[in-house]
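Every chain is named by a letter (A, B, C, D, E and F) in the order it is written, and numbering of its residues begins at 1.
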Amino acid sequence: MEYHHKKLLTIVCEAVLEERLSRDVRRLGAHGHTVTDARGGGLHGSKHGTWSFDRNIRVEVICDDAVADAIASHVAERYARDYGLVLYVSDVGVMRPERF
Amino acid sequence: MPLDPVVLFFLLGLGAGLARADLKLPAALYESLSVYLLLAIGLKGGVALAKFASPALALEVGAVVLLGAALTVAAFALLRLKLARADAAAVAAHYGSVSVVTFAVAVSFLARQGVSWEPKLTLFLAVMEMPALIVGVLLARCGGQRRVEWGRLAHEVLLGKSMVLLAGGLLIGWAIGEAGMQKLSPLYIDLFKPLLSLFLLEMGLLTAARLGELRHTGAFIAVVALAVPPAFALAGLGTAALLGLSAGGALLLAVLAASASYIAAPAAMRIAVPEANPALSLAASLGLTFPFNLIVGIPLYWSFTRTFWGL
Amino acid sequence: MPLDPVVLFFLLGLGAGLARADLKLPAALYESLSVYLLLAIGLKGGVALAKFASPALALEVGAVVLLGAALTVAAFALLRLKLARADAAAVAAHYGSVSVVTFAVAVSFLARQGVSWEPKLTLFLAVMEMPALIVGVLLARCGGQRRVEWGRLAHEVLLGKSMVLLAGGLLIGWAIGEAGMQKLSPLYIDLFKPLLSLFLLEMGLLTAARLGELRHTGAFIAVVALAVPPAFALAGLGTAALLGLSAGGALLLAVLAASASYIAAPAAMRIAVPEANPALSLAASLGLTFPFNLIVGIPLYWSFTRTFWGL
Amino acid sequence: MPLDPVVLFFLLGLGAGLARADLKLPAALYESLSVYLLLAIGLKGGVALAKFASPALALEVGAVVLLGAALTVAAFALLRLKLARADAAAVAAHYGSVSVVTFAVAVSFLARQGVSWEPKLTLFLAVMEMPALIVGVLLARCGGQRRVEWGRLAHEVLLGKSMVLLAGGLLIGWAIGEAGMQKLSPLYIDLFKPLLSLFLLEMGLLTAARLGELRHTGAFIAVVALAVPPAFALAGLGTAALLGLSAGGALLLAVLAASASYIAAPAAMRIAVPEANPALSLAASLGLTFPFNLIVGIPLYWSFTRTFWGL
Amino acid sequence: MEYHHKKLLTIVCEAVLEERLSRDVRRLGAHGHTVTDARGGGLHGSKHGTWSFDRNIRVEVICDDAVADAIASHVAERYARDYGLVLYVSDVGVMRPERF
Amino acid sequence: MEYHHKKLLTIVCEAVLEERLSRDVRRLGAHGHTVTDARGGGLHGSKHGTWSFDRNIRVEVICDDAVADAIASHVAERYARDYGLVLYVSDVGVMRPERF
């Protein structure tokens, strides 16, 4: 089985950012994204997941290195100061590289 | 007079939360109940408004909007003594806005006393949500280098969940009148108080979680959260006197003034003033002001009202 | 005659959705309400059937099954003018099947008019769900190289959520009769209309999301979604005349014929005809046909009925 | 006498689950309903207790606690014939504790018979939850090298969801009395039976999932799950005779003894005796004992009661 | 700490496939799988997560390279044409290799 | 874009462990954690996600190698015997390394 290299970018952040992030990642060149509901805790205290502004989301984007970089720097610059937010990248293999 | 039964449910939730009991109500239940309460309040108000609308209403609405704006500025001035601009503005917006559930408990309180009130208070509830949010953002931004994203703010304020449901309910209630409401009343009237009791159980759990955070937010905010409500209640009573409200209506306006938002304001501030620390506002409005108003405030403001209205 | 109150809730949801208001009802509420509505409709029908079952019923059920199948073929023939085989078959299955909520709104419409109807219509509702799904799959597969997975299809059609709840409710209602239903009626009878109003609020939000997708699906499908319902309503009225139904029963059969499924059919087609584009069917059935029937269709078909039944 | 309507909903869920129908109720609905049922039972019991509390009650509560402990030891002795210590202890804790929903169905059964019962049975329900859990942990740990985490266990047992809601409901009901309950009754009284019917539909689905696991857990556990309930029911009737209960109260105590926990016990055992296999307990208590009690057990224990009480 | 190399295979797809995929991955040699609810968007439009056929799932399987290949090609062949679906693999380290 | 290397530790386990695990990972040096609800199946049978003790969670921690090792061995020792549990680590890149 031959896999093609892509970047997987994961952003964990406050749920209030969902709509904006979804728009941003598409505008910056990603062809899709996946969102799951999450809770957790970090430097900005706990998010229990029980009500709207006490909830995190976990956004995943599979894309080229360049798009990942563009999204990462946009997010860092635009949201990381004001919002509880964690971002990380990893390497993944995909089968249909043309669709990402 | 003993506590209202619905307040006991709040205390049960609060106690369970503080004791770290293994009790977690599903988020979907909380959200469904809040949708229900907003709609039901709007509907009831709309039905009543259809009967009692008067030309002077527009003026009275204007007065109430001014009240909300003035309270926000007052709270801001107080909070600036210790807090950064953005934080002071965000917290002030919570206190200038209103708590729908506190209003509902006050309505239940009046019902137990057999005291009636003007239906337009529901309209006041709806219009008092907004001005504080706009004033709060202005206060946060004036003099600062960040610009206001007016589009997003207007969207958030006018099309936020509580505004849409309250205003939508008012419109529908107004359109269908008492006759149309009859078939809907098993849910929106008969079940109002018991569903409020369930909601307050969950609010107790949420409050317990917020109370814990007061340790980190400091004493100043705690003092504000307990001192502002009675002061604002008096401002509400003054406005009520100006508007010639009955004692029941006056209590409700006092409660609107004294209560702090924890649905509309947090959402709007998180979007329009993101650099403010949301834990501050919630610890104050939900952790202290909300239970204070429920348990101490409403009876206290009622005793004020009875004194001033000569009952 | 003004709109039914429950339709106003739909319009509120639709408006909020189109204005992109920050209003999202929990998925669990939507699912719980749909379970409730299906069960309640089944129960009421079952209780009534227990009183009025007749030997001729089997024949009438057969006629209704044929109607569903015939409408599916008719819709397919029309859709094939522009769509690929699989897409035409999948959309046709939606239109040959029925919408439970449209049925419920029509029932509420009749109640407001004080018009009664035959309880067997609930049974017809249940049996009209299925044939279109089977015919749709046959149409998609005949002449194609893909084989039909009959096992999976039968499972999906016979054991789908709406079938199980409607049929289960019918059976329980039939078993317990009016006496057994009494203790259950505070939920399944008294709260039916107000809970339907809440469900329609959510349907409005969902419809708004689908309306937007019509931009991508093209004008042909939009024309079909608006032209087919009145035509099918007439077919329903014809069948009703054959079966000798009362005016109330006739309206309901017309509504069943005119309405398009958006619970059972999408699930079944996604599994049995996966190569069809689900966005097409949903944009048509939920985005256009559903609101059309609610607002324009039901009163229109009632005026047809009144003409033909000589009221 | 035909089955209680609510039991038919259970059978519908069970049938749908066994037929692998595409019917999945949202977890939030299940959780919301279980919160509701616990609260409602507690409230009703509290209101009644406020009227009938007596000084002898403390003694009776003691007897009931002993009954729960004794049944746990008896079940353990039986289960040790085949199972490892931890597994035997965990399963025994389930059978020494009680099932709130089985109790609710028995209450509904008595209502249909027109038989009254002592309100203190609700109190017995609450206190019988706990002792079995503590005894179960002791049995698992005595002689073993693992130490008991008493703190965590006490927390889990005393502050578990069902304990908090039942006891909280009792307290609130006791505090507000019949007058305070009146405004809450549209939810907590009138909707009790129909919401129980919805809950039982979901329980049927869950039971079906557990029944399948009995294949892996073996015949011994299945025999225990069916033989223990009638035996324990007799022990319950004996205790009821000692306490001088009426026939209605006696049936309920028999049902408490015969029923097995599947809310409080699984949670507590998973935390306090984690090395026990939870599939064993659930397959037995939910997969077999629960449906057995619902369908066969309650009428059977009622016939026992009628014989012994000379009705 | 010594970790043993395994493949983590992640499939994001329409929720309607859950039962079939769960059966397939076990049949093809995986000893377990994890499912979370998701929403998102891609070439097949948006999945809002609000109702049954508008919902995605995210399936994760930890397994050998060979099993990952088998599942990947099965999924690609059987489902990728008709359903909105994304599949990717990455390298992970586990502690008890014999259980995967 | 420069990314700094961190470990991503993922634990899938019974939901009943959420509170304890959350406390443990912080005590062992992690500065945050993210939790999502999950269902699935493995050696301990199926978790359908429909009720409290039939539910899994998926806990993610981004941290240093040393902290990851500490958490992994603690979890293996303390919980892996009694509870259905899977743990794996992978390499990720982050932008603000000082916060993990």
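Following the convention adopted for this analysis, a contact is a pair of C-beta atoms (placed from the backbone, for glycine too) under 8 Å apart; a residue touches a chain by one contact, two chains touch by 3 or more.
Going by UniProt, the chains are A, E, F = Transcriptional regulator; B, C, D = Sodium-dependent bicarbonate transport family permease.
The shown structure was predicted, so the numbers you read here are calculated from the model rather than taken from an experiment.
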Chain C reached from chain A - shortest hop count over touching chains: 2
Identity of the chain that, by mean CA position, is farthest from chain F: C
So which chain is the furthest away from chain E, centre to centre on CA atoms? B
Could you put a whole-Å number on the gap between the CA centroids of chain A and chain B? 35
Separation of chain A from chain D, taking each centre as the mean of its C-alpha atoms, in whole Å: 46
Separation of chain B from chain F, taking each centre as the mean of its C-alpha atoms, in whole Å: 39
Which chain E residues reach two or more other chains? 36-37, 49, 90
Residues of chain C that touch two or more other chains sit at 26-28, 31, 186, 267
Looking at the whole structure, which two-chain pairs count as touching? A-B, A-E, A-F, B-C, B-D, C-D, C-E, D-F, E-F
Chain A partner, complex, touching residues on chain B are 24, 27, 30-31, 206, 209, 213, 216, 266-267, 270-271, 274-275, 278-279
Of chain E, residues touching chain F in the complex: 1, 3, 6, 8, 22, 26, 31-37, 60, 62, 90-96, 99
Which residues of chain A touch chain F in their complex? 10, 12, 36-43, 49, 56, 58, 68-69, 72-73, 76, 80, 86-90
Please give the residue numbers of chain D that touch chain B in the complex, ascending. 26-28, 31-32, 35-36, 39, 155-156, 159-161, 164-165, 168, 171-172, 175-176, 180-181, 183-188, 267
What does chain B use to touch chain D in their complex? 2, 5, 8-9, 12, 15-16, 19-23, 25-29, 186, 190-191, 193-195, 197-198, 201
